[in-house]
Amino acid sequence: MLSRVYPFIKITVLDGIRNRIVIGVIALSIISCLANIVITNLAAQDVGKVAIDFELSTFSIMGLFVILFACGNSLYRDIDKKTVSLAISRAISRKEYILGRFVGYLVTLIFVSFISTIIGLITLYLIKFLHPKHFEQTFGTVILAHLFAFIGFSMLLTVLILFSSLTTSSYTAILLTIMIYFIGNSIGELRDFAESLASVVAGFPESFKVMLRIVHFIVPDLGKFDLKVFAANVLPVDISFIVFSIAYAVVYCMILLLLSMKAFEKREFI
Amino acid sequence: MSQILLFESVSKTYNLGIGKKRLPVLFDVSFSVNKGEVFGFVGPNGAGKSTTIKLILNLIFPDKGRIELFGKHPGNVEIKRKIGYLPEIPYYYDYLTPYELAWFSGKVAGLDDVNIKKKAEHLFGYFLFEPHTTKKIKELSKGNAQKAGIIATLIHDPEFLILDEPMTGLDPIGRKLVGDMILKFKNEGKTIFLTSHILSDVERFCDTIAIIFEGKIKLLESKEALLKTGNSLEDIFCDVIGLKEVK
Amino acid sequence: MLKLREKLIWLLIIILLPLNFFFLETSRINKPHLKEEKLFLPEPFLKIFAGEFNGIIADFLIINLSSYYGGIIMEKNEAVEREFDYMYKVLKAASTLDPYYFDTYYFTQTIIGWDARKPEMAIELLKIGTEKRAKDWLLPYWIGFDYYYFLKNKKLAAHYFKEAASRPGATDLLVSMTAIAGYEGGETEMAILFLEDAITRADDEFKRRKFLTRLDALKKILFLEKAVKAYEAKYRKKPEHLQELVIKNIITKIPRDPYGGEFYIDNDGKIKTTSNLRFVRKK
């Protein structure tokens, strides 16, 4: 099976990396590097916090763009323009198609994330050099934050793949993925907020709490992988948190990919 | 294994999404293709040719009836190595070069890199195509893109070729090359299933001809038998689909 | 054979689902409440960056502010100077982004005006709101109140009360306000009226409780003020200690300060409390 999936992964990666979006995103990284330097000149006190926040935010946007527009574009060509038949008509099973696409896109994401991280770190070093007195942060947590953001991307990627295997238009899949992105980022805090409110306010509807718990279970908890606060303020991150979060991401991705394979098995390509 | 493809009472209806109509496309279609045969599938637009090909490739599933490919279910992945499929509309992986597309096709079929390189060079040469062009497929002309697709289809030396309107978009040289290739295949004892609008092509290449109209097989005869009637294929075709002479 | 593999996938999914739940719950963390809020809101660029999203961003800022302050109160009942400064910055940004948004001014009055005891800063923002929200009587009323109660500036208070009274929907409250503003020593009653109105507006338990506590304290102060007046009428001087009111049987006992302090009468004869209407700070 591997011998069949590997060539498919390779062309997915080639297809992805050569996509104009990827070039655009890397250009975006460089532009935001310059913007970061300019803006931090305006920041009064904690230059480090502003710089790190800005860099990590750009990184997140970059990941989102790659998923929605590079991977999304590739899936658009597959689904809407029917190039999926090129793979399915060959000796690639439907399951292998899903797996191949996922790994291929993941490698593309790794590639872009790596370059973006390097550019980002160079930027931060530069800014630190320019403002030594107001930049106390060290970069260990920053790197961790990049890694976690990347893990968040992977989860969102599986969401896109699942929707693509279910809908007949990649436009719908992309819109739904965007929606899940927003929900996923806020569901953790929303649930915390509701639970803290429930402990204070009498008569808080239990059903509301339960509903939030269900949504929290289904939707990827992307907020968990947003470590900007920790990176910008060099706060300690629990090892157990890291381990369990990664385990969560792995399990979640597996579930979604399996569901995608299932959905794809039954799919007809008219 | 002498019977390559079997369609037994196959019917198919499309579900056009939630709340939309169901569209029946094939009714009780039956035919078979034997080894070494060149089978021509002819019909007007919307008759069900593409649907038939999609059923063979397991892109869609039949509602009724049975399909066998090399004696097995069309969903079987291994037998796909023996098939070469050339789609009608040349959409390919835009950002790949022709060589990469051929490499992909060969690798998936189980060839190793050395073999692929050899065969690719041979095929690229045959089609008068520059093998190491760095141009991506989306930058090629339609005809060249089609050629790249054809090369990718043939690279693994399939036993069974499925060609959906293979002459689309080709210039006269291209048509000659593809035509000669089909005849070469035939001589090597390979099996071909092709659909076409161009009746002269069908007449030229095919051993067996089936005419499909409105989802049903109206005619299924060997070429010899048809020609014995003395009528041209065009006349027979118009007759079958009920098209009256323009006086 | 095929059937077995199909079932395998479902089996795998079923096994993974509870794992998903397990890892999700064990990796929950509370994002830390940052003790030092160094918020960076570049004033001149704010509206430009926000573009068409200025309204939503203002909404977000206020919602976050609300839960931020709520968290502080839950944790230690009172915010410190730095935290008030941060909240003021946020409110200022929100009013820049969307000067028509009511909640900004509501929080300005309650947090900056009352809790932080910075009426001038509150008034600065409220003035923006008064101008933009031309049909809103509450904002000029609050400005008037702040001038009267906190800044003891009766003239400006009267000006703003008048402005408030001229706007649609102004309640009779303002009539009483203007009346009380007229005579000396009316601050406590003014404050009580203000609080009673605020309590009807409070939409959650938290705020209601806060206001009720304060109302309780003020009512007790009013009670003591009236007692002092009665004492003065009888003995032609103010009592030196509140105990005298009990001794002379004007009141049966000195009421308890809900904030944990003690009521006393100062040298000017005003009723004060050692708690200063703030909860005695938890260590």
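Labels A, B and C are assigned to the chains in the order they are written; within every chain, residues are numbered from 1.
Here is the rule we use: a residue touches a chain if its C-beta (ideal position, glycine included) is under 8 Å from a C-beta of that chain, and two chains touch if they have at least 3 such contacts.
Source: prediction; values computed, not measured.
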> Which chain's mean C-alpha position is the greatest distance from chain B's?
Replying inline: C
>> So, comparing each chain's Cα centre against the centre of all protein Cα atoms, which one is closest?
In response: A
>> Please tell me the distance, in whole Å, between the geometric centres of chain A and chain B computed from their C-alpha atoms.
In response: 41
>> Between chain B and chain C, what distance separates the C-alpha centroids? Give it in angstrom.
In response: 77
> Which residues does chain A have that touch at least 2 chains other than itself?
Replying inline: none
>> Show the residues in chain C shared as contacts by 2 or more other chains, in ascending order.
In response: none
> Any idea which chain A residues touch chain C in the complex?
Replying inline: 39, 42-46, 49-50, 188-189, 192-193, 196, 200-202, 216-217, 221, 224, 229, 233, 235, 238, 240-241, 244-245, 247-248, 251-252, 254-255, 258-259, 261-262, 265
> Where on chain A does chain B make contact in their complex?
Replying inline: 3-4, 6-8, 10-11, 14-15, 18-19, 77, 81-83, 85-86, 88-93, 96, 168, 268-270
> Where on chain B does chain A make contact in their complex?
Replying inline: 14, 17, 54, 57-61, 77-78, 80-81, 83, 85, 87, 89, 91-96, 100-101, 103-105, 107-110, 136
> In their complex, what parts of chain C are in touch with chain A?
Replying inline: 6, 9-10, 12-13, 16-17, 19-21, 23-24, 26-32, 34, 38, 40, 42, 67, 71, 74, 204-206
